[in-house]
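Attaching a single structure in structure tokens format; questions to follow.
First chain written, first letter: the chains are A, B and C, and each begins at residue 1.
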Amino acid sequence: MTSKLFDYAPAPESRAIVDIRASYGLFIGGEFVDPIDGEPFKTINPASEEVLAEVSDAGQADVDRAVAAARTAFTQTWSRMPGRERAKYLFRIARIIQERARELAILESLDNGKPIKESRDVDLPLVAAHFFYYAGWADKLKYSGYGETPIGVAAQVIPWNFPLLMLSWKIAPALACGNTVVLKPAETTPLTALAFAEICQQAELPPGVVNIVTGAGNTGRMLVEHHYVDKIAFTGSTEVGKAIARSVAGTKKRLTLELGGKAANIVFDDAPIDQAIEGIVSGIFFNQGHVCCAGSRLLVQESVADDVLERLRRRMSTLRLGDPLDKNTDIGAINSAAQLQKIRELSQIGEDEGAQRWSAECALPDRGYWFPPTVFTGVTQAHRIAREEIFGPVLSVLTFRTPDEAIEKANNTPYGLSAGVWTDKGSRILSMANRLRAGVVWANTFNKFDPTSPFGGYKESGFGREGGRHGLEGYLR
Amino acid sequence: MTLTTSPARSSAIPSNVAGSDASLRGFLHGLPGVDQVGAEARAASLATRSIKTEAKRWAIDTAISMIDLTTLEGQDTAGKVKSLCAKAIRPDPTDASCPRVAAICVYPDLVATAKAHLGDSGVKVASVATNFPSGRAAMPVKLADVRTAVADGADEIDMVIDRGAFLSGHYLQVYDEIVQVKAACGDAHLKVILETGELATYDNVRRASWLAMLAGGDFIKTSTGKVSPAATLPVTLVMLEAVRDFRETTGRQVGVKPAGGIRTTKDAVRNLVLVNETVGDDWLSPDWFRIGASSLLNDLLLQRHKMATGHYDGPDYVTID
Amino acid sequence: MSETGSDVGESTRLSVRKTYKLFIGGAFPRSESGRSYVVNDASGNFLANAALASRKDVRDAVVAARAAVKKWSGATAYNRGQVLYRVAEMLEGRREQFIAEVAASEGVSASVAESSTDAAIDRWVWYAGWSDKIAQVVGSSNPVAGPFFDFSLPEPTGVVAIIAPQNSSLLGLVSVISPVIATGNTVVVIASEQRPLPAVTLTEVLATSDLPGGVVNVLTGKVSELAPWLASHLDVNGIDLSCAPPEQAVDLERAAAENLKRVLKPDHASEPDWNADPGLARLTAFLETKTVWHPIGV
């Protein structure tokens, strides 16, 4: 959508401060090493399909030595170190992240496709804050309520939607509690994790405390199934989460899972309407909808449905889709061809099942993976697009008449990660919050995150919490 | 691009809405609430728009053309007004391509002076009135204030609402006063100053905006500039949403004027972004959006110079008024 | 004495001596009384003249502390933590200066001064990390027997007066100041009477650390002259008497009762072991608890 009068000129963020190597090894034992039995693969910029770098696919031998390095560092160095010293390493890391924040944000946008405005203003500040917050717990574990003893070596597998942020959610609490880690970033977004490895070196973190093994699904499987891993933390699809849960059966491995969602964003007739529209938009179009807790189902009270939808469409028409490195871009690229395919398929299914489809008018660039913000109306619980996670900028709209009906529909899903409630009435907010089977309830806001605030799901959205004091539980005995 | 698409829904406002305090209250308090955190976040997010090169050039020139160049001091004299008028007509003596401002804004007793010096330049004369800035005077006094300004040739009248009446719920009184002032304006356009800094909540800003529009105001204006906070971005956002919704509902378009606290080019550009993404092209002209300011003009000129020459200027290179 | 003093040998360069002033509202004024007093090292040698604060300085410091409350307690806990962590960075930068000043003030060896300086920096870091966690440890959601959402939150009490330890000139000082401001209070501190110099150097660190003016105010001088004015001041909300000189403590506690200040009681034993785990007491001593109820219903 372009204005006739006030056309914002291109405002590109310069790539000049980012130094991407041609190829990366694995980060094991404090150094970048060549893989033993892994093959290289490429990571691309999804906005342009340009190859950014070559990365290693870690094989079994690589995973073995990474776990060994983590175990050695755990028993000999890290678990013995007083908490106040561990704290200071984490503070150093937090500071370096702040110092290099712009560079990391650009790198994240290049590798992931998300707008620079998001990586600069949302992702990076949260990443630094996460490390600061957990740094401060390292020497206060006796007040945690969960004991003071670390578990051991943590295998951590993270998704591609918030690469560096998911890394911080995993590594910061693990290290604060005295564990060491082997982390596998997503196959399509390894670069900020590899930059983080450099930051560990700059902070002089003892070798082996953090190990980064890049690779695809297979590497992740080898890592979580490894005998000498004591704890697994996984964020990703529910399907893979279930496979991991099966694989730890009979073992002593501790497990936390943060999986998919199909959150209901519930708008009542007395909602503060302009802010509710912002909340709907942010709920599903922020990060191109690649958010596990996305408000992907709009449940709007029937009496105001037409008005809400009209305002929503009007607001969507001001969303700017395009070059992620343009500072004015609101909607970036879809992370991969595979994900784009999935979004297209499910959208087609939505149409086939009879829902009405509307997309904001957007000029899509020729190269890269793009999908315009899209709304399906006339959706019911029986539609697949109301039940299945699309993980894209696609909103399904359903209606309700009463609070009870809203609750029933909101809870009628195997998922339970998050929910939104929009109303001016305080007691109703609390009543809804009480009855929603979701790990995070946002009232009159959406997609808000903070390192002090525990995040995680009910039901098939996973178990365990990340953030806050509760986030320590998964990393302590 | 137009951001209001529906046909007018005039049935949404009952015809006797202004029959009593109670009916006005029922209507105004039935408008959707404004969540403070959400509104401020939206304004802050729009403030991160990066406006460069051609877009910035356009925005600077547009902002200049929207300025109500203002002097409202006890110490104003004919000489001061004369010099302000000259600046208004020709903001940059070194560059004839620089647009003139929209209007001069002065106290009522200086309207005639302003009129004489502006001639047929196209710059309008706006006069504050109704015992600006406090509005605390008997109604006949306030109306006389308006009439003398209009008689002396004011094209626009910037009135203040009675905030005391508003805050104590006497909505009908506020409404009636606006109606009477509008009548006294004759052909002059009426801007209604809400003094948002005294209204304190965004809910009140929304309600006062609607009240002013229902009563016939041509423009709603944030502030007198004598009270802080004046025109903040979230307040202007809420007012833009109000005029958008009002046109949706009644078919009538009302203008918006933020005034006070807009000192830098950055502030002005941010306001234009708000207009652009809330109400769109239909409001992006001096007929529908004005900026009440004094020192802003020179900052815009400095930025204009920088865009033309490529280097930073200083205060010696723009005129004082 | 000073870090650049000419010592053994033929150095002919004269050092530029520091002037030790008060720290009020982010600025470094002399005492309005114009007075100073001699500060000696532990062996009785002259170290410096320090400002001898008066009751009017106390009055000004309380005004400055009160003015700073809104912004400091209104800052996010994260922001306070960031500022305090920055203070720790600045402390670390002046580590050598502090070691020398502590050694001279307390008459301890360099290695003892070093370990207490390092402990002071780590103590400050410890408290910086509490800012955004204390609410999670002492706050609660309360399961009342009715359809109400009920939660209890800690809030800072306001302006707190602190009588700093007489002996531990840096570690003890840091241990009494940082927990109180981490939670959003502002403070007026009476430094150790005989060993005030590290406190003044600390204020120089604070002034360069993004800490808003007035959050910490430090007065040097006679405890017996200054403390009663703080203890009786009705615009002071809390007072730390745990290190008050025993002969003054009871009267101060009585004076504090006039507006029911929150009192951290005098401990008539000698100074605590500053190396021990401080626990939560100094954090919670100057926190109020606010409990909020809201119905749950449609």
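The working rule: a residue touches a chain if its C-beta (ideal position, glycine included) is under 8 Å from a C-beta of that chain, and two chains touch if they have at least 3 such contacts.
Remember, predicted model here, so these are calculated numbers, not experimental data.
K.L.:
Going by the stated contact rule, which chains contact chain A and chain B alike?
P.N.:
Touching chain A and chain B alike: no chains returned.
K.L.:
Using CA atoms only, can you tell me which chain is the most central one in this structure?
P.N.:
A
K.L.:
What's the chain with its C-alpha centre farthest out from chain B?
P.N.:
C
K.L.:
Suppose each chain is reduced to the average of its Cα coordinates; what separation in Å results between chain A and chain B?
P.N.:
Going by mean C-alpha positions, chain A sits 43 Å from chain B.
K.L.:
In angstrom, rounded to a whole number, how far apart do the mean CA points of chain A and chain C lie?
P.N.:
Centres of chain A and chain C (C-alpha means) sit 41 Å apart.
K.L.:
Chain B to chain C: how many Å between their CA centres?
P.N.:
The answer is 50 Å.
K.L.:
Chain A touches which residues of chain B in the complex?
P.N.:
It comes out as residues 1, 3-6, 32-35, 37-39, 41-42, 48-56, 58-59, 62, 241, 272-273, 276-277, 280-281, 284.
K.L.:
Quick one: which bits of chain A touch chain C in the complex? Just the residue numbers, please.
P.N.:
84, 87-88, 91, 129, 132-133, 135-137, 139-140, 143, 403, 426-428, 430-431, 434, 451-452, 468-469
K.L.:
Which chain C residues qualify as touching chain A in the complex?
P.N.:
77-78, 81-82, 85, 122, 125-126, 128-133, 136-137, 149, 280, 294-298
K.L.:
In the complex, go through chain A and note every residue touching chain B.
P.N.:
1-11, 117, 121, 270-275, 278-279, 310, 314, 317-318, 327-328, 424, 444-445
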